[in-house]
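Take this structure first; my questions come after.
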Amino acid sequence: MSEDKSNQYNAPTEVKEIDIVNTFELEELAKEVMPSGGYGYISGGSGDEYTKKQNIDSFNHKGILPRVLADVENPDTKTTILGHNIPAPFIMAPIAAHGLAHATKEAGTARGVSEYGTIMSISAYSGATFEEIEEGLKGSPRWFQLYMSKDDELNKLIVDEAKKDGATAIILTADATLSGNRETDIRNKFVYPFGMPIVSRYLSGSGENMSLNNIYAQSKQKISPKDVEFLTSYSGLPVIVKGIQTPEDALLAIGVGASGVWVSNHGGRQLDGAPGSFDTLAEISRAVGNRVPIIFDSGIRRGEHIFKALASGADIVALGRPMLYGLALGGWKGVQSVLEYFETDLKRVMQLAGTQTIEDIKHAKLFDNARYK
Amino acid sequence: MSEDKSNQYNAPTEVKEIDIVNTFELEELAKEVMPSGGYGYISGGSGDEYTKKQNIDSFNHKGILPRVLADVENPDTKTTILGHNIPAPFIMAPIAAHGLAHATKEAGTARGVSEYGTIMSISAYSGATFEEIEEGLKGSPRWFQLYMSKDDELNKLIVDEAKKDGATAIILTADATLSGNRETDIRNKFVYPFGMPIVSRYLSGSGENMSLNNIYAQSKQKISPKDVEFLTSYSGLPVIVKGIQTPEDALLAIGVGASGVWVSNHGGRQLDGAPGSFDTLAEISRAVGNRVPIIFDSGIRRGEHIFKALASGADIVALGRPMLYGLALGGWKGVQSVLEYFETDLKRVMQLAGTQTIEDIKHAKLFDNARYK
Amino acid sequence: MSEDKSNQYNAPTEVKEIDIVNTFELEELAKEVMPSGGYGYISGGSGDEYTKKQNIDSFNHKGILPRVLADVENPDTKTTILGHNIPAPFIMAPIAAHGLAHATKEAGTARGVSEYGTIMSISAYSGATFEEIEEGLKGSPRWFQLYMSKDDELNKLIVDEAKKDGATAIILTADATLSGNRETDIRNKFVYPFGMPIVSRYLSGSGENMSLNNIYAQSKQKISPKDVEFLTSYSGLPVIVKGIQTPEDALLAIGVGASGVWVSNHGGRQLDGAPGSFDTLAEISRAVGNRVPIIFDSGIRRGEHIFKALASGADIVALGRPMLYGLALGGWKGVQSVLEYFETDLKRVMQLAGTQTIEDIKHAKLFDNARYK
Amino acid sequence: MSEDKSNQYNAPTEVKEIDIVNTFELEELAKEVMPSGGYGYISGGSGDEYTKKQNIDSFNHKGILPRVLADVENPDTKTTILGHNIPAPFIMAPIAAHGLAHATKEAGTARGVSEYGTIMSISAYSGATFEEIEEGLKGSPRWFQLYMSKDDELNKLIVDEAKKDGATAIILTADATLSGNRETDIRNKFVYPFGMPIVSRYLSGSGENMSLNNIYAQSKQKISPKDVEFLTSYSGLPVIVKGIQTPEDALLAIGVGASGVWVSNHGGRQLDGAPGSFDTLAEISRAVGNRVPIIFDSGIRRGEHIFKALASGADIVALGRPMLYGLALGGWKGVQSVLEYFETDLKRVMQLAGTQTIEDIKHAKLFDNARYK
């Protein structure tokens, strides 16, 4: 059924490698091939989109200081996160409803991620089932991102299913207990054109033809440290709290057992008026003090951004919108092209910045532009 | 007579609920339905409109730091101000001449405010009589805003009338002892198309066909602490001094008996070149030290702005231009729509920021963007 | 002869009062009536016009803090400078070649200044003779601004003539020992369409058909403290050093006998890349410590600017471009209109800022916007 | 052969003096006469071109403070660098492939530089041979800029050849161990239309029809302090390390024998996201402490920029893009015109700033705009 709807929605279907000059262009190109409702949903931010814009602009608040005479050649982007070896310090961010970008839905993304060799984050608001996504993943590592039900028994069922599917970590999204004020979706009267099989057990319907506001409202609002404890205890998996923007919340999450801190403002889609995500990172990192890894997202569009995030305390970053644009433009091959673009770009940045390894980046000193203008 | 003029002026007359995506759009929509002279008067600022612009931009000098894991659900916007319980921390700001926006004049605004359940500020420059406004208010709480006459005997008469009408506080506007340099009105050769019955007893005419400059000049310029003492003593009501932009004036007003401090730059309509109102708030709040409540206006367009104002020391905010745009577009129902929009938006912000109550907002820490760019 | 040329140049000739909404519009209106070469000369700055733009923008680095409850009515703009009582704290700045703006040349400006009652600065690069200017001044106070000759004997002759004409002070322009890089004039191949009778005694010609570069090069480059001593001693008049932008030069000038410090960057016409003139004022004022008066120019377009300059240490300001636009648009009556506009605007600002006197402005505290954004 | 290709490429051939209002216009004019691939290569930066833009904008972070009463006349721009007396504190920067701008290639530039009397930097990526360049240089001083081969024996051969040609210093470019992310070249599918005879001994081909990425990749990546030692020791010439952007690298280079520090971010062509080159200069200069000279490039377009760079610690600056635009527009005469423009402009700035000598500039105090806005 959701298949039929998906056809009505007319998501792109092409599968091909894509040439990428930069990921800003990807957005423009994706806009041309995606239905406007789906494009608006994926590209849009909340409110004035101030925070969305700051996410990218804030990277210019710090400058990379290239170290020359650094004896660097063929920089090595490999790193490890929560026991997984990955070819580069980036993974797929959890995003709802990949079917808006491509008819292959999350399975398409998963295949691109799998072929490249990094970690897939499966969103609870996936439009595909775990089984469908596994067709793309083929055993590759995956983390499961949870929007909790108000009913913990249902949460247990969902966690059980994710574990059975092979998730090696649970991402608890804590910054989206309601939908942000997404004006583009309001203007488009956007509803999901297909269901959300994973969370449909706690929705009043399948998710199909439901608005974002409606779906968020049916998930749990009262997220608290107890939920971190519950998920840690029940799942036996590392739990990463996503949406952290303050040192206080990072410390709180670690205190109740979180195995990772995910610094993010949800791509500027939740609370507009929040600072650019990158602006909040360094202070959080100082509070975390390497006790747990830090995953960072919101605004990564270039290798320079990855470098700056890692030099400010992130262990890895997560890629969101550019990945779905790649999916829209080339299906799984497009996703793989995006990941390869970021690796190529990061390698060039590492070489030019004089850093041989990811560890070198983490010790690089950034330039504080704020002192100069 | 003013009724006839009002018809000539052709103020909007429609009464309907309005769909609000954001209040910036309301301005554009109101521009289409309002006569240009009236629209220019309400929307315009003074001079270069630097201060008017800063009023909105200055909110971006601080960022909201969302607290996650905050155990929040169904945030409660209710609060109390000077003994009144109101559903949300906002009231109607005093504005002159609502008849420019809608044929129902202040009575229309009053009904929308009354139906919603918050406090109406009645301007001394109202185009409607107390009796006409009461038709909309129907016993709801109201504060009376005074532009003083040069003759205190007339001020006593006006205060007597306001008390008889049921005002529970006097707002003394102290930042408008002359008209600001409103170039739009000068270009439009704007004159009020109807009289001002409340202050007509001290004008050389009814107010009809008189310019703003002319009317302001006939009111009292020499506002001093003695006026606060006089009004406090004569009225026996709490007196709130409006237009305060410095800690010094806040302390001065409190010292002579003011029961409230109203931080405002008159929506950027008086002295251009003054800082954005929000930029001045935190320092004033530190000086006030909770001895009297702080009311804040100038630039509130979103729930995020209300949150930032309260987190910077305001107890409530007052809404001005957006309310008159709501009035223009939908009469009393439009006014009610605007108030409901702000409540909905504030609730979303509270949920996403992790604040259950208004008191929680007042204790929230903001992010200082100035340190980063 | 220069009269014939002036006719060929086709300077405006109309004499009328002008309605002024703001002085920015005056510039646009003047552009329509003035020949393009003359307009480019008067309106243009040097290089990228960064400094010219900063002159106006820098006023927004500080905010006026309106004091309410200030017991102010009918503020008094009168002040005194070097023994002259003037109706408001502004005078005419020295500018070359008023004949570019109006056929009545400096005599037109002088009459407007005289009718208003403030001080005329007569430029050494005047296109009119002292006698012609006196026809407008009619005995009103005047200061004489000197571009020195390389030959002190000629300087003595010029000073003698200025004294005989009644100058009560000598303004030594020290920031223009060469022409700034005025690209507009270069593109227009601008040459003066008439002679400069006062300095023609040291030029290789009358000044007519000579470029700015040519004329500046024939005046003295090696301006030093000795020139201040020479002029002070020879003239017996107060000498004001114009073009000071550092505390060091202010102290140096005072040390060799200057009776006034004129803070200016020549309206952004000399060294581009210098800071906005207003940004340099407060520090210079602290160094001067009220030992001599400070005259300020560069960027004054509104009453708010005059207020900010005085609150930052200036005793009076000088008006340049807006005066010549007034001259272009209305001859001497236009000049008078500009002066009256500034007085009206300053009075409004004083009332709204809560300052009764010029002395009150000098004690007003400004708001430091730089701390907030 | 490369001659034939060059004809196919259709580089400009005109030789003439050019009138220069400013160098920004030169860029626009050069764009009209140059083939788009070559123009894109020369004008383009990397990534978002943030760093390229900052290179010019960052000069506005500091202001020149004109000193008046400074007793200056006919300022003297002459200076000395590494034993060479030059007429003004600027030299030709090393740039690849001048043949993109003009059919006379590096020989054209060399002649203009030689006629003016300053130092030519010969790039290892020159499209002309040493012999061809000598036709323009005619014995004038030259420095040789090296992109190292991975094979030190070949490096020795190249250094030998440069020494034989008369180079008095070796510039080791250390910030370009790979090509920057030059999107314009990617879009243009730009390849060099002619060979690079100097480095062709270590390329897989002549350089002709090869991309920048390809050529850079064939040069040496692992640049380290040992290379500075090797070049110093083998050549017996002063070695200047180019591309330094941190105090740490300046100290490192000096520690292993560098005779000069060249502060540069390669005109914003290498690592985008690096700070504006001027923003990094003062701190590096403090670290260097006059032990070796500092050469500065990236963003010099006006005499003001040269002044600010010298006042921030540079001993001389190097001119890049404007020189190639001059070459494109007028061949060697155009190059000479550009150099003369900069001298004229610098002299004017020196006069207006009150500095008689280059040493005076080095002791000038700049104004910190960052404190004010």
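A, B, C and D are the chain letters, set down in written order, and residue numbers restart from 1 in every chain.
Note that a contact is a pair of C-beta atoms (placed from the backbone, for glycine too) under 8 Å apart; a residue touches a chain by one contact, two chains touch by 3 or more.
Going by UniProt, the chains are A, B, C, D = L-lactate oxidase.
From a predicted model like this one, the values you see are computed outputs, not experimental measurements.
Asks: Which chains does chain C (L-lactate oxidase) share as contact partners with chain D (L-lactate oxidase)?
Replies: none
Asks: Chain A (L-lactate oxidase) and chain D (L-lactate oxidase) are the same sequence; what rotation (0 to 180°, nearest 5) superposes their CA atoms?
Replies: It works out to 90 degrees.
Asks: Do chain A (L-lactate oxidase) and chain B (L-lactate oxidase), two copies of one chain sequence, contact each other through the same residue numbers, with over half in common, or through different ones?
Replies: The interface is built from different residue numbers on each side, given that under half of them are used by both copies.
Asks: Could you tell me the distance, in whole angstrom, between the mean C-alpha positions of chain A (L-lactate oxidase) and chain B (L-lactate oxidase)?
Replies: 42
Asks: Cα centroid separation between chain B (L-lactate oxidase) and chain D (L-lactate oxidase), in whole Å?
Replies: The answer is 60 Å.
Asks: Mind pulling the chain C (L-lactate oxidase) residues that touch 2 or more other chains?
Replies: Answer for chain C (L-lactate oxidase), listing residues that touch two or more other chains: 369.
Asks: Which of the residues in chain D (L-lactate oxidase) end up touching chain C (L-lactate oxidase) in this complex?
Replies: Its residues touching chain C (L-lactate oxidase) are 21-22, 59-60, 63-74, 302-304, 307-308, 345, 348-349, 351-353, 365, 367, 369, 371-373.
Asks: Can you list the chain C (L-lactate oxidase) residues touching chain D (L-lactate oxidase) in their complex?
Replies: Per the stated touch rule, the residues are 47-48, 50, 58, 61, 174-181, 183, 186-187, 221-225, 227-228, 241, 243-246, 248-249, 252-253, 265, 270-276, 279-280, 369-370.
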